[in-house]
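Paired with subunit B in one complex and with subunit C in the other, subunit A is shared by the two complexes that follow.
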Partner chain A sequence: MTTANEVLSAMQTAFPGAILESRIESERRLWAIIDYTQIVEVCKFMHDKLNFDHYSGCAGVDWVTKNEMEVVEFLASHGTHQVVAFLKVKTQRDNPSVKSLTGLYWNANWYERETWEMYGINFENHPELFPLLLPDELVGSWPWRKDFKGYPDVTTGQRAVERLNPSGHTEYIFSPTPAEIEAQTIIQERPKYPTFKEREESELKSDSEMIMHMGPQHAIVPGPFLLDVLVEGERVKKAFLDVGYIHKGIEKIMENRTWLQGITYTDRLCYLASLSNNECYCGVVERLLGITPPERAQYIRVILEELSRIQSHLLGTGEFLTLLGSATYSPFLYMIIDREDILALIESVTGARITHTFVRFGGVRNDLPEGFIDKCRSVLKKVESRTNEYIALFDQDPIYHLRMDNVGIITTEDAKLMGVAGPPLRASGVPYDMRKEDPILVYPDLDFKVISRTKGDASARIEVRLDEILESLRIIEQCLDRIPAGPIRTEEKIPKKVPAGEAYYRVEDPRGEMGIYAISDGTDKPYRVKVRGPVYAYFQALPPLLEGVYIADVVAIAGSMDACTAEVDR
Partner chain B sequence: MAGYGEILSSIIDYMYSFISQYPALYALILGIVGALILSAIVNVGAMAVVWLERKVLGDIGARFGPNRVGGRWGIIQLGADAIKLFTKEDSIPEGADRQVYVWAPIVASMATMLVAAAIPFGALYIEGQEYPLVVANMDISAFYVEAALSLLAIGAFMAGYSSNNKYSMLGAFRGIARMISYEVPMGICVIAVAIMAQSLNLVEIVQSQTLWYAFAQPLGFIIFTIAIITDLGRIPFDQSEAEEEIIAGYTTEYGGIRWGLLYFQEYDMMLLGSILMVLLFLGGWSGPIIPLPLLSVVTPLIWFVIKIIIVLVFLIWVRGSLLRFRIDQVTDLGWKWMLPLSIVNLAWAVLVGPYLLAYFA
Partner chain C sequence: MLKRVFPTKALRWTLKTATHGTEVTRLYPEVMIELPEVERGIHELDATLCIGCASCARVCPNSCVEMVPYVFGNPLKNKKMIFPQVDYGRCMFCGLCVDECPVECLKMGKKVTMTGWTRQDIIKGPYELAVKKYTEEESRKLAEEAKRVAAEKKKAAAAKSEGTAKKAAGDGAPAKKAANEVEAGVSEKAAIKEVAAKEEVVENKTKEGGAS
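The block that comes next holds the complex of A and B.
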């Protein structure tokens, strides 16, 4: 097994001058500052020689007092070893620019675009540096920089001006208000780039082709996003994906809230995985604080997270199947009934159905209620038999196989290259699960398998989800058997001010690898929080998958990914 | 109770004398009354079908279905829906082809009524004699119904084409592609039935079913069932209005009562389609006569309605439990499987049919 030490020494031997600073946090965490000029070569070396084939994201950090900007690249491996390397590249604050990794890692595209539009850090050699989440009007003001004064008073209602455009449709213009001019936040010079509409219309080649919108309001979208497909007859020639319709800037909001208040925002990242997101945020703060929750709290967390995985998979599968049939497709409604039982269980502990805010630094908010264990066992039994029934039902349905088999195939290589996460990744033959790769809580003590398939098509993704439900049931049963008595929160006093430092924590969200990177500067508020979500990761793999399929398959492919727009946009 | 037959026969006598005196007037009155009764029966029947579908589909999906308007069973839910549709704003999209847009729902409804005109709605059994209830008893009614059914696709295509909407357009194309690939096997199945019955008259086809054609030509029955579901545009063949792909297909731009007409037309067709299935393959109104004075008159009607309800529930059950085909799979199935198999069935009807019928006669 490769450790962080070995990785660092290999890097130092290969590039003696490139590593300016380094820190080894643990066997699995390596932090290093890399020279600006050599970052691409270092990454190439790590990719080729050290098996860092998983680009897990990047975060921009604005060190306004040091007058410099930083881009942190998260590199990991798809199961060859468990080291996560954080390579930092520093650049000056005016006209910041770093080298793009898109040539090496295909999926760096979106992460770099987001960093560019939020921080104004230019990525050299990036093929399509267009805004991803921000509307075109806001690009150029670099809103996540620390010295960004904010948009002027939104309560005056003067920000969005309604007017008719030349073709007679209503348009909303963000015009500079007097307050804006005074605050000098008007964008002097906007970056030049083709807009989304211009980009997609430039692909229209003949009269027989047309662009069909699927979204932002469409039956296939789980939340607002725009999927434009360029079709000729029934065939999709190219797909264009535009996200950012519900961009809330959660990462920036968290910088203005105390550490504790941040937990509520993690609920809102994705309402189906709020417990995992709570866990991820609390875990990173616990790492910064250097505390571990007591064992009972760890078991409670595992039980609830697995329960929320089950309900998420049930809804994801059921909802997806209604896209292929109709809303009256009855297995969906039965899955909703099962999910209701699970939600009732979660609600009996946390008091909420979807936004729980349950996990706390060093423990959980409250203990399991009386009789929970027995109730849980009976529900698990029911869900298990019903899940087996679904598996058998789908297996013998010929239309199901006609629609799902060999649809939207992601090969193993593509899945690794495109950075797909969670069930879609495992369905493509990469058994990559954070519960095994980066074990947290009591997961190392539990006996469970990582479900994977090799086909990589839509039906394999559903199989993985349904089998994961069964596996989660097994995990919960083990937890229920083993859960010890004891305190549910750590005895240590949790300080309001978190010691300065940085940490990264990964959990296995129902949809895949969820990571939060947090920087503390020693105050009671985070300096920077970066959320690396799984849906964001596999969403950018969607447009290439849709090329050349039928319109009906767009629904099958997009649906089988089990998207959650709230988490993409954050 | 002995006198009811006499009263009936005196009425019939009077009608015969009236016909001989004023034949043209009789034809006119008969036409108007027939059309009114027909549309009333079809539309009330379709309302019952909508109610049945909501309730049964609700039950399949572990739901209640309508249970507020009109008491526990939600009987007048449809009335409430109709009031809502009638009072909605009538909006026509800016870029639409207005004439075609306005006429499309009317053409579609007219097509259903044309189909209904030739379809017998059961029979009355009076003194050992069956009187079929049919408005236009043609010699070629089976053929005529087939032809009128294809008009439906014209209405749908008009709606889709005139809306000036991409989803509508795709829906219209899909509707036509589906219609072409399934009308052919369906027509061949009807021909096979006609060959066995040695008649194209639906009434005679029913009367000739000493052995139900569902058993005499099982292959044809299966093909016809699939084809009729396709013609109705129901799951798994509802590609032309697949809401998860193309919003509402050809009805996307329709609202208010115009949409209501298109929607209702589908349920009219669902009723007529299941009637057609019962007539052609399930023995129509044939069944043992209940030997009770008044009840015996409506016995054929009772059997007819029971069979129709069974077919309807089957159609609803299919909708609740199957996924939708992709459009290329639909045409594949139509041309590569249904058409050859329907020809096999035709050969069966020609070669084996006479012996089968002679054996069971």
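The block that comes next holds the complex of A and C.
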């Protein structure tokens, strides 16, 4: 097994001058500041020699007092070893620029685009540095920088002024502040780039091709996003994805809320996985505070997270099969009935149905109610028999097989390259699960296996989800047997101010690897919170996956990924 | 050929529902599902316990809790007699206010439905939220008691300050110190009052701005 120490020493021998600073947090966490000129070479060495084949994301940080910007690259491996390396590249604050890793890792594309549009950090040699989440008007004002004034302007309290433009549509004008007018800083050079429409229309080559819009409001999509497919006859030649319709800027909002208030925002990242998101955020703060929750609290967290995984998979599968129009058999409402039982169980503990705000720093909010264990056992029994029924039912349905088999195949190499996460990754033959890779809470004590398939098509993804339900049931049963008595919160006092430092924490969301990177500067508010969501990771793999398929299969492929737009846009 | 019939039956039903109080909207499922004990619904305030510390207002991520005056509380504990008022147009039922309450006077109950014709209707003050409060007579007695206690305290403080002044008269240096302290205290209080007044003005201004 490779440890962080070995990785660091290998890097130091290969690139003696490149590593400016390094810190080893634990066996699995390596932090290093890399020289600006050598970042691509260092990453190439890590990718080729040290098996860092998983690009997990990047985060921009604005150090306004030090007058510098920082890009943190998260590198990990698909199961070869468990080290996560955080490579930082520093750059000047005025005209910041770093080298792009898109040549090495295909999926660095979106992460770097997002960092560019939010912080204005230029990525050299990036193939398509276009805005991703922001509307066109906001690009160029770099909203996530610490000196962004925002609107309504805090100095005047003035809101946007509404007025009609010549074509009769309403426009909102954000008037500049008197100070800005005096200083003449309002005239900004907005970067010039082709819009989404221009980009997709430039691909039209002949009259036989046309662009078909699916979204932003469409029956098949789980939330508002635009999927445009360029078709020739029945075949899709190219697909374009436009996201950011419900961009809420949660990461920026969390910088302006206290650490405790931040929990409520993690609920709203994705309502199907709110408990995992709670867990991820509270985990990272616990790591910064250096506390561990008591054992009973850990068991409660595991039970509820597994229950929420089951309900997410049930809804995801049921909804998808309905959208697919499986005319002969659609188990949607049956799955909703099962999900209702599980939601009732979760509600009896947390007090809310979907946005729980349940996990707390160093524990949980409520204890299990009386009679929960017996009720849970009976529900689990029912869900188990029903899930087995679904599996048998899909197996014998010829239409299901016609629509799902050999559709949207992701090969193992592609899955690794495109950074796909969660069930789609495991369906492609990569048994990569955070519960085993980066174990948290009491998961190391529990006996369970990682479900994986090798086919990598749409039906394999559904199979993985349904089998994961059964596996989760097994985990919950073990927890119910073992759960000890005791306190549900740590006895240490949780301070309002979190000590300065940085931490990264990963959990297995129902949809895959969910990571939160938090920086504290010693105050009661986070300095930076970066959410690395699983759906964001496999959403960008959708356009290449749709190339060359039939229009009828677009829904089967996009739906089998089980997307959640709220989490992509954040 | 289609025969045109005057829709007497449908009309009769319409007239009947319009004139008589016939039930047209029905609850579905017909029996409300039983909510668990920990359900986070509309708040329940125990006005006899509240100390008016405003922790709930401070912790609220949406700042939907505001402290407003109310009479049926305990003036001995709650000096300013301010109690939480919740704007349910903004509340997201996260329950942080309940966790933060040091005397556990705020709880979230099983009532989850709320309706109103205007936004003002779903802003619920302590008059709507309080499930436990003092009667008029009790609160009047408590107010008198509080007045008496305050007067006593004032007397005691005055006596104390006289005592210190007398003591101070004996030797010069500490007298000055004590006087300074008293002055500092007074000026501090004045400064706080000033700041509060300013804040109020600012708040009013922003509110006006928002309305316009």
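Criterion: the second predicted complex is superposed on the first by the 529 of 570 C-alpha atoms of A that agree within 3 Å, B and C clash if a C-alpha of one lies under 4 Å from a C-alpha of the other, contacts with A are read in each partner's own complex, and residues count from 1 in each chain.
By definition in this document, a contact is a pair of C-beta atoms (placed from the backbone, for glycine too) under 8 Å apart; a residue touches a chain by one contact, two chains touch by 3 or more.
Since this is a predicted model, take the numbers as computed values, not measurements.
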| item | value |
| --- | --- |
| Contacts of A:324 with subunit B and subunit C, given as first, second, both or neither | first |
| Subunit B versus subunit C as contact partner of A:4, first or second or both or neither | neither |
| Touching partner for A:257 - first (subunit B), second (subunit C), both, neither | second |
| Which superposed partner A:365 touches (first subunit B, second subunit C, both, neither) | second |
| Which superposed partner A:552 touches (first subunit B, second subunit C, both, neither) | first |
| Touched partner set for A:280, first subunit B, second subunit C, both or neither | neither |
| Superposed model, subunit A: greater residue contact from subunit B or subunit C | B |
| First (subunit B), second (subunit C), both or neither touched by A:75 | neither |
| Of all residues in subunit A, those that touch subunit C in their complex | 157-159, 257-258, 260-261, 263-265, 267, 344, 347-352, 355, 357, 360, 365-366, 369 |
| Complex interface listing, subunit A residues touching subunit B | 210, 212, 218-220, 233-234, 321-330, 332-334, 337, 397, 399-400, 402-403, 550-555 |
| Subunit A-touching residues of subunit C, taken from the complex the two chains share | 33, 35-40, 59, 61, 92-96, 99, 108, 205-206, 209 |
| In the complex with subunit A, residue positions of subunit B that touch it | 57, 60-63, 166-167, 170, 173-174, 235-236, 238-239, 242-247, 319-329 |
